[in-house]
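Notes follow once the structure below has been shown.
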Amino acid sequence: MYGLEAISANNGWSIAVVGITIVFTGLVMLSFCISRLHRVIDFLEKFPDRKERAAKKKADKAMKKNGGVPAFTGAEKESAKQYRLLARTMADHFSLPRLLHLAEISGLDKPHSRLNMLLEAGIINPDTEGYYTWDLDLYRKIVDRADKDK
Amino acid sequence: MENLFFEFFQNTGFFLCDYRNIVMILIGIIFIYLGIAKHYEPLLLVPIGFGMLIGNIPIFHGLGLGIYEDNSVLHYLYFGVTSGIYPPLVFLGIGAMTDFSTLLARPVLMILGAAAQTGIFLTFLGALALGFEPNQASAIGIIGGADGPTAIFLTAKLAPALIGPIAVAAYSYMALVPVIQPPIMKLLTSRKERLIRMEEPREVSKREKMIFPIIAFLLCCFLAPAALPLLGMLCFGNLLKEAVVTERLAHTARNAIIDTATILLGMTVGASTQGDVFLTGQSVGIFVLGAFSFCIATACGLIFAKIMNLFLKTKINPLLGAAGVSAVPDSARVVQMVGQEEDPTNFLLMHAMAPNVSGVIGSAIAAGVLWSLMV
Amino acid sequence: MENLFFEFFQNTGFFLCDYRNIVMILIGIIFIYLGIAKHYEPLLLVPIGFGMLIGNIPIFHGLGLGIYEDNSVLHYLYFGVTSGIYPPLVFLGIGAMTDFSTLLARPVLMILGAAAQTGIFLTFLGALALGFEPNQASAIGIIGGADGPTAIFLTAKLAPALIGPIAVAAYSYMALVPVIQPPIMKLLTSRKERLIRMEEPREVSKREKMIFPIIAFLLCCFLAPAALPLLGMLCFGNLLKEAVVTERLAHTARNAIIDTATILLGMTVGASTQGDVFLTGQSVGIFVLGAFSFCIATACGLIFAKIMNLFLKTKINPLLGAAGVSAVPDSARVVQMVGQEEDPTNFLLMHAMAPNVSGVIGSAIAAGVLWSLMV
Amino acid sequence: MENLFFEFFQNTGFFLCDYRNIVMILIGIIFIYLGIAKHYEPLLLVPIGFGMLIGNIPIFHGLGLGIYEDNSVLHYLYFGVTSGIYPPLVFLGIGAMTDFSTLLARPVLMILGAAAQTGIFLTFLGALALGFEPNQASAIGIIGGADGPTAIFLTAKLAPALIGPIAVAAYSYMALVPVIQPPIMKLLTSRKERLIRMEEPREVSKREKMIFPIIAFLLCCFLAPAALPLLGMLCFGNLLKEAVVTERLAHTARNAIIDTATILLGMTVGASTQGDVFLTGQSVGIFVLGAFSFCIATACGLIFAKIMNLFLKTKINPLLGAAGVSAVPDSARVVQMVGQEEDPTNFLLMHAMAPNVSGVIGSAIAAGVLWSLMV
Amino acid sequence: MYGLEAISANNGWSIAVVGITIVFTGLVMLSFCISRLHRVIDFLEKFPDRKERAAKKKADKAMKKNGGVPAFTGAEKESAKQYRLLARTMADHFSLPRLLHLAEISGLDKPHSRLNMLLEAGIINPDTEGYYTWDLDLYRKIVDRADKDK
Amino acid sequence: MYGLEAISANNGWSIAVVGITIVFTGLVMLSFCISRLHRVIDFLEKFPDRKERAAKKKADKAMKKNGGVPAFTGAEKESAKQYRLLARTMADHFSLPRLLHLAEISGLDKPHSRLNMLLEAGIINPDTEGYYTWDLDLYRKIVDRADKDK
């Protein structure tokens, strides 16, 4: 059986229509959701748990005081330095998990959270290939200021 | 001893050889040539091409050499294709190397990825009209998805006998995207349209990137559960990538895993094109319909983009519509090329990636729909 | 056409959805959140969490989508779990990345790794008391081993139906080690004990490190042959690592192989937790017993350490006992943390690694014993 | 409880142990020692050696521990050996790391690779004479190919029961190449011959290197189709390497893929040597014949090289003939060594690589021929 | 059955002869073909498509004029510079495919052909391990001349 | 069946006891053996084969003479230099097997044993990640002395 006959015999028209509709529905729904996504996120970020918020405020204040550079506590500064040492054992573009691993085996405390801190502070930045680089200037700025703070 | 010599000679390729093997071997060599010399999708054409050589060495049966003999090494490796295991693994890797930022920055471009999939269903109708069975017609239509793994996955589920021709058609046309698309793009767009510049996409937060694969997966698979194996792995891989802490898994997914799957997938798919089963009228029909579906898909994408411009206040460059067919990243690069021909300073690639990747999601959904409607 | 639309709609997740799927999807998202935001065992929680999403997309059967349908891709990948192939491959990688020096430097600490396994058998009794079958009880008890692959391996052999809940329980509690252990540690140890410093471990020669995996393997497997698949691979991997000349094999073992196994293991185990099979009274019992077994294991380790101190002249810091549950390397890190709370200059991590890794060997032996006694 | 203790004790290795297990364990340890301390083919001897330990832990049957019990993990991993999947994967990797330039520069040296394979067939005759079945005799003969994967592949197809002894023999002698070959080389060549210098090979173009694997594959497999699984993968891997654009696939092939295959192949082959099935008169015969075949192969290569010199105007150094047995790259290094003993400034390694790699192709063809003649 | 008897009973002699013959045939054929191979290639290279030949001639002329150093057009020079930037983000011994990937994601035009150009010009050279290195001197020479050309 | 009844019905008590006993036996045996291990090794090292011992004595004497720095023969010095060249083509933290591979393909003689020599001399040292580093100072010291020795 050929031609239009074959198409209608196999219920082709409705299959095609249904198919096209579903594909559009799916992608339209998705594009709608993600177009709302960042608003939702902003909304959620209005309710961080108290501690976090306090920390944030403090950080922000420090931030302002330092002209956009986050302030580290002595301990944070300390581990920033330790991480620097570890990072130097690796290539300029290093793997974050390996750094984490090194931090763990060298027994730095709270390796995960500290690493996170460095990431948030922008001292460690992702490159285009899933590897990471160390922003030396920013690092110096922060660590020195932290020194002065003391 | 003479007998033994003669007997052995009767089992050599020189004796068993059939003109169809020669034809296929030549096609295989052309594939390899296009991959290496012309840089058309080398990662796919070279393995498939060499696979064609492997599959078309004239062999005597009974020893367990042929890909269709069920104790042969090739058969074991081919199982990953027939069972549909390789394509999801490839998607895992693709997810682990794809960056959806541009999509997140301008979600509306995603709809272009849907438009281009219309080609799939029009081709499906065409295939029915040419007398193919509905399941075969679906597998043929998906060629227009311009997405190798999706095409192979659906074909393995609906019409295993056609894996060879459909995979070869899909990959050939994907490789030929730089040849097929430009004329259509120029035909359907005015110079003025091709000159449209896109505004810089907004900065996308890490949080958005992490949440996207989860939402995309849940939404699409609730709508089309049959897209699960492909979309599930794609989004899983992308989550591994975006969730910094699982970087090492993402790294393995986008290197060892996808490369291994690609090597075995390409080689065995190529080997499945044995002359006698491949060089048939059906295959010719499939190639014709495949070309048709690529052109239609491109056209649909372009036209839909022009329609969208009627409603959008900040116009989009309709060339982006052509990137909706997926064929990542070639069709996006073609958009960049054609755009730059008009205005060398107009930088469309980044924007073209949005419909490009959403085209991947789109064809996975389409595959899911067709699969579930065929059973 | 309306019919077709309706028919299709009846096959979407929106129509088939069941409250249990929603619950599991939420749990999955929580797993992913804990992994990414709280850094609890991300390499495990993220794949398992996403696997839960995959496994709880409401699907219609017959198409071969579900992990329990025997021609589905998920089913093929899940085979590595049910057949017990993935856990030994993970152990191969763990062996290739573990350094046993601290253990070799102070072998006596190894006994702490044995003490903590007592929790396994007490939980086994508890499970029996709650009316579980002996084979199920064994699988539940092994949760106290705080060792994912071991738990999954034993469960796959003894009570395949419980793989989902047991794996999820095991990994959740391993992730929660930093939450579960500290209170128990502080409760059972005096400040004075927590302040004990360990002397520097002696230098360990390369020769010792090379010979260790061989001796460890022969001894343990002669005693408990059923520990062969796990300990064999663990020691094999370690030998590849220590025998410099096979470095390239060790490298692949601790990267491509373990990552691939982890991705597939986590994802499929997660996908096996389909709401209808997972949300049962049994699972609740398993979670209760799991928590119980973690606490008991920790306590046994601590108490035994204190007992040892009665006989040792150079006292050991009893906190090390808590590291005996394995859960490498988290519980060792917890010891470090709790120790430093009392004295920031007291450096216990390195010493805690000894009971920590011997705990892995210990639970593998325990698994072997239970397996052979259940058949 | 006493009963339970006794019952358990009856299942321990200490109770079940058999002197043959001890013997095999000692052999395994010797393998590991040779690999690590003497650097004899460590990538093979260490996994095989440890596999011997794994395979000779005395186990009780019924639990599914032994490699010959069909639901054991070892059995699943061993499937890659019995089905002949691992060897082609290893060849894929070898192809992706082998550089055929020297061969392309002086194709005539390739014939030495053929000459050395004569040993295979003479050993085949010897094995028949010792009363082995033709299929067993073929598998034994291939030991002379000095190529592990080829030997294992052919044995898996022709005489699966002999995989253990033949693989162990093949790898032991390959490891002992630096011990076996030099005396024969000195015996059969005069000092004057050993002093012959080879002229610098010509520069080989990238194009030639790319085309070689295709021609080599088509020619050899048309002649001996049964060599397809091995030669196909070897040439495929080499094409991936030479076609710059597929570098990433070649990289995975020569790292993740070959390492994984090597680990599993070596370990399971070692584990298949259980004392009771391994320590038989047959194995002794196999080892004797294996040694014989290595010596014959070396001798044939050397003698043929001397014969060639009668006809060539620019003489070749007959030592190169010894490299024809393959055993890449050891036998080539041996040539270098022996050559330098006479003249430290004579640099033969690069030239020896030519017969060396062509020996690999040669033994693959020989395997194909034997396979097809035995069925 | 043992000895010669067993051999002839199993048709061993002829199998051995056939086997040895086939192996020799195979490798002799192969060595013959590849010994002719480079002539065939040279022969084929006499017929490149017109465009290519023209380009070649031009390049050769430029080559001569520049004393063996290929001349780049402005555009080629441009992308050479872009590739240099990308290459610098990587180790001295870098992976070609990764460079290609970087080029693609950074949207350089004709990444494949341009990369090929650099390879042919000898600016990028393979090392012994499947990695590649950047010939800085040659690069400078070419790019500067290209500048002067303008 | 529940409670103690269930336990004893399933022979739980004895299973638990047996299990705990086995685990302890295993780890106690193991810890005992490895606590004896290094003595055994020291004991074995008392019987190295003659050649080795001779070499060792010589080396030790040289060692003393050079104040703890092993002395290389000319040939050894030579290959040390060759290895240095190879090592320089790699990152600071290089893979030992790759170095070995390079040595083999560049046809250095006795690559394995020479590499071992460098490892024992401490010129090549493992880092924390399975990679290796080159101790340049020690290398210079040794090679220069070797020069003077000549």
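The letters A, B, C, D, E and F name the chains in turn, as written, and every chain counts its residues from 1.
Rule of thumb we're sticking to: a contact is a pair of C-beta atoms (placed from the backbone, for glycine too) under 8 Å apart; a residue touches a chain by one contact, two chains touch by 3 or more.
Predicted model only: the values in this text are computed from it and were never measured.
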| item | value |
| --- | --- |
| Copy pair chain B, chain D: interface residue numbering same or different (half cut) | different |
| Farthest chain (mean CA position) relative to chain E | C |
| Chain B-chain E separation of Cα centroids, rounded to whole Å | 28 |
| Distance between chain centroids, defined by C-alpha means - chain C, chain E (Å) | 49 |
| Separation of mean Cα positions, chain E and chain A [Å, integer] | 41 |
| Distance from chain E to chain D - Cα centre to Cα centre, in angstrom | 31 |
| Sequence positions of chain E contacting 2 or more other chains | 13, 15, 18, 22, 91, 98, 112 |
| Set of chain D residues in contact with two or more other chains | 4, 8, 39, 223-224, 244-245, 248, 251, 255-256, 369, 373 |
| Chain A-touching residues of chain B, taken from the complex the two chains share | 103-104, 107-108, 110-111, 113-114, 117-118, 120-122, 124-125, 128-131, 134, 137, 204-205, 207-208, 211-212, 215-216, 219-220, 223-224, 241, 244-245, 247-248, 250-251, 254, 358, 361-362, 365-366, 369-370, 373 |
| Chain C residues touching chain A - in the complex, by the definition given at the top | 1, 4-5, 8, 39, 329, 333, 336-337, 340, 347, 349-350 |
| In the complex with chain C, residue positions of chain D that touch it | 4, 8, 11-14, 16-17, 25, 29, 32, 35-36, 39, 42-43, 46-47, 50, 53-54, 57-60, 62-65, 71-74, 76-77, 255-256, 259-260, 262-263, 267 |
| Of all residues in chain E, those that touch chain B in their complex | 11, 13-15, 17-18, 21-22, 104, 107, 109, 112-113, 116 |
| Chain C residues touching chain D - in the complex, by the definition given at the top | 83-85, 88, 92, 157, 210, 214, 217-218, 221-226, 228-229, 232, 235-236, 239-240, 243-246, 248-249, 251-253, 255-257, 369, 371-373, 375 |
